[in-house]
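Each chain gets a letter, A, B and C, in the order it is written, and its residues are counted from 1.
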Amino acid sequence: MGKRRVAIVGLGRTYHRTRRPDVNIPELCYEAAKAALEDANLEFKDIDAVVVGNMEFFENRSMTEMWQMDHIGGYLRSGVHVATGGTVGATVASTGFEYAASGLFNHVLALGFEKQSEADSRAAIRLTGDPIIGRSLMRAAVGVFAQFAFNYMLQSGCREEHAAMVRLRADKNACRNPWAHLKIGLQSIDQILESPYLLTPLRYLDMCPTSEGAAAMIIAPEERARKITNKPVWVKDWEVAHNSGSQETYGAPLVPTTSLTEAATILFKRNGITNPRRDISVAELYTPSTYGELLWIESYRLCEDGEAWKLEEKGVFDMEGEFPVNPSGGVLATNAIASTGVLRPLECALQLREDAGEHQITRKPHLAFSTGWGGFSWTVAHLLSNTLD
Amino acid sequence: MRERVGIVAVAQTSYEAAHDWWRSHELTSQTVEKVLEETGLNWAKDGTGIDSTVSCSNWIMEGRAISNVSHGDVAGSHLRCEVKVSTEGANAVAFAMIQILSGKYDVILVTSCCKESNTNQSIVDNFCFEPIFHQKLGLDFAQAAALQQTRYMHKCGISREQCAGVVVKNRKNGLRNPNVRFSADLGLEEVMNAPMKAYPITSQEIRPVCDGACTLILATEEKAKKLTDRPVWITGMGQSYDVHFLGDRELAESLSLQEAAKQAYKMAEIADPAKELDLAEVSEHHAYEELLWTEGLGLCQPGEGGKLLDSGATQMGGGIPVNPSGGVLSGNPRLVAGMVRVVEGALQLREEAGERQIDGARRALAHGTNGPCGQEHCVLILEKGF
Amino acid sequence: MTQEKKKEELIRVENRLTIDYRFAAGPYLAKFYTELRDKGKLWGVRCPKCQSLHVPPTIMCAPCHVKLSEFPQDWEELSGKGYLDSWYKIVTPQMDLLGRTEPDEYLHCVAWLDEGVAMYHYLNVRPESEEERKLQRGLRLEMELKPIKERVGEKEDIKYFNILWDEPLKKG
């Protein structure tokens, strides 16, 4: 896609925790940037451009990139700060791809971070509501997911135990991923079905945690990529679709999933993918809620409508399954918003390089699908591959 | 030979002290309508319309998290691609250019809106500084600028009269610009004796609080030639960040601006900017900044920004007119200001600058800056394409 | 070495962002709110292209990219009646914008208004009540406004949706 082909040549991230009181924002970002550079065998002076993303307000800062730019190789270098809501991490990745493909930069650092304990992120989410209409009625992002859950159960016949299965799968995967945040050690869905509700029909365990951490990737154009690593992860294509927020409130059916279908349909068509679960080896979807994951697997056309919960029952999405989804534990285990957005293509790259260690999928990976989600059902979808064809 | 990126249409609202009648996305909508009308483009996704949108706004200034939600609606983001950059307007244009150079999109609509009257800008500034040291000092950008101006005056012998001279020049230029509201024919004494904001900066030497929006459309060379018979090529682009901690920098010079200018001049193959440029639109949020930025841009020797002003070279009829539009001091909101510089530069090259037209202009420089004491700079070189 | 590190004091700097905003309502919302406050009328604007109704009125139909008209062209008054689409109860109280955490008095709901547009507001059903157990999709709803003296021109001028228990359920 595009005139120049680009590849991810380095990956790095921090451990994700509820709080990281031992570092401030630049130090947190530095950890991830350093890890990515080490992975690529490069140094800070090699960076030409830095793309940074986070949710503004979540750390109580304005113009958030100013503080840490020079800590992550941005001194006297080009850079940009993107902030597109929940999709910011995925946008950081696609912006990084564009910077590398432009012909102007050789080593682009794409970094997403979030340090949510430093401010009230729920208050900040409430600020996504239009200031004049209905902001007072908003109850953070969970209201949207309660809507998704409600509607999905009615439309598809899915029951609460299927959402519990999604959490169980995420937790089992997270326990095999040293970098994940939430590792509960769940053994059965009964433990989940006995746990308390947050907002009916959602339980606490149906939603993601709030994490702190950073993740970074080094992206390079083709000529450079081949010199840096013998395992470049090629960026095949990506697609973005936003959704109108003009309903002025924050709740489905006011938040449909047509944008997800739009992005996926266009992406698959453009890349000759006719049978997604066969053509794609692994998917890292940005899904902050269990019901959301089931619904969106359908919205992204990875299976037919109403089928996702049945496939979950059969173990199709397990790490050893036919079509592994979120082998890293996904957003349900780790959610430092911008960082998690970058982690989706990062985890895909890890799988494609067969470097994921304990959470490597059983299936032989060739093509990976990673997504971001945010705002009023905005989405960014990427396709990554370990071969250039 | 890299394919060129062109500006095919521009539009801006007037910059009022407070656009109290319109919401910010309604302001954006007005400018988007204009550029769509001018080019006849629509939002088709098949390559015949606009491929993507870049919006530039800031959550804390808009008072809304994910501030581009409303802007996106009027700038065609529904089921389409839109990216919000949270940097300054000029950097947003550079960003869109990079997107086009990457080959991903051919035609991009770039829009920016800021309603400074929404909130207290000093608090917004204060929350940009890192929270452990600078923020506790209660700094805002005006005070940081005061620090920079004092250092600059001390090291390079710049006088308060020279800084005030920038205000006099720019606000007078602004009288010929129908979009700005703070233009005036002022005297030096008037500027220097105005109430002190942060010594030595008076209230007349600071960008006034404004609301407004502007939009432009960028396209690849091939499409640009079809969309307009007056394309303006962006032949050079450079962008760079400096360190954040004020104490880590020599405030009397701007290394990040020099770096950004170097990148832009190299791409545009400019060796002697003062001679090869016909005009420069620079973002002077505080009066002294114009002097300092002309040095960083290489329009004069380091330390000689004041002398350049005194020589009259940067006046309307001079060798290198700076801010014929009236500059940011005549009233442009922050964030949008850099994009307005690009728009004004493009208007000059398209021969649409009305009474502020520099005759025979073929090459212009547009500059944007963000962050305390100009931490980030973006420089774009524009060339007449017809 | 680890012991020494543990004794290192982690300094935390406290900060509070208190920032006032003044927002312009714009011609569409200003009209919507003044009509609601002064006349108790709820208005929406219809897109001339796709015929979808926008409540509250807004400048553009985003899917169509069509500019919507200012009052009164294409504006339609709403009956305030509709059907219950979905609802939920906040089990764990959430903090509001002023930092207060109080349990919600009422359930929240999404109502499908007769005119074909969804609206999100309170439902006149208290949590843990008999009525909550009887809730089902398709129940007929009617909006109730606050008395005119209490209306100020904000979304809460609509008090909540009342359930008309005696009316038949909407199927489908």
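Assume contacts are C-beta pairs under 8 Å (C-beta built on N, C-alpha and C of every residue); 3 or more make two chains touch, one makes a residue touch a chain.
Only a predicted model underlies this, so the values are computations on that prediction, with no experimental measurement involved.
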- Message: Taking each chain's centre as the mean of its CA atoms, which one is most distant from subunit A?
- Response: B
- Note on the structure: Of all chains shown, the one whose Cα mean is least distant from the combined Cα mean is A
- Distance in whole angstrom between the CA centres of subunit B and subunit C is 39
- Query: Per the centroid of Cα atoms for each chain, what is the distance between subunit A and subunit B, given in Å?
  - Reply: 34
- Query: Centre to centre, by mean C-alpha position, how many angstrom separate subunit A and subunit C?
  - Reply: 29
- Would you give the residues of subunit C that are in contact with at least 2 other chains, written as numbers and ranges? 15, 17, 21, 23, 25, 29, 58, 60, 62-63
- Message: Show the residues in subunit B shared as contacts by 2 or more other chains, in ascending order.
- Response: 60, 63, 72-73, 77-79, 124, 127, 131-132
- Message: Quick check on subunit A: which residues sit in contact with 2+ other chains?
- Response: 60, 127, 131, 244, 246
- Message: Can you tell me which positions in subunit C touch subunit A when the two form their complex?
- Response: 10, 12, 15, 17, 21, 23, 25, 29, 33, 54, 56, 58, 60-63, 85-86, 88-92, 94-97, 99, 108, 110, 118-122, 137, 154-156
- Query: Quick one: in the complex, what on subunit B touches subunit C?
  - Reply: 19-23, 25-26, 29, 33, 42-43, 60, 63, 72-74, 76-79, 115, 117-120, 123-124, 127, 131-132, 135-136
- Item | Partner subunit C, residues of subunit A touching it in the complex | 21-22, 60, 119-120, 122-123, 126-127, 131-137, 139-140, 143, 146-147, 150-151, 154, 196-201, 244, 246-254
- Task: Please give the residue numbers of subunit A that touch subunit B in the complex, ascending.
- Result: 1-4, 24, 26, 50, 55-57, 60-70, 74-85, 91, 95, 97-104, 124-125, 127-131, 239-246, 258-259, 262, 374-376
- Note on the structure: subunit C residues touching subunit B in their complex are 11, 13, 15, 17, 19-29, 58-60, 62-63, 65, 67
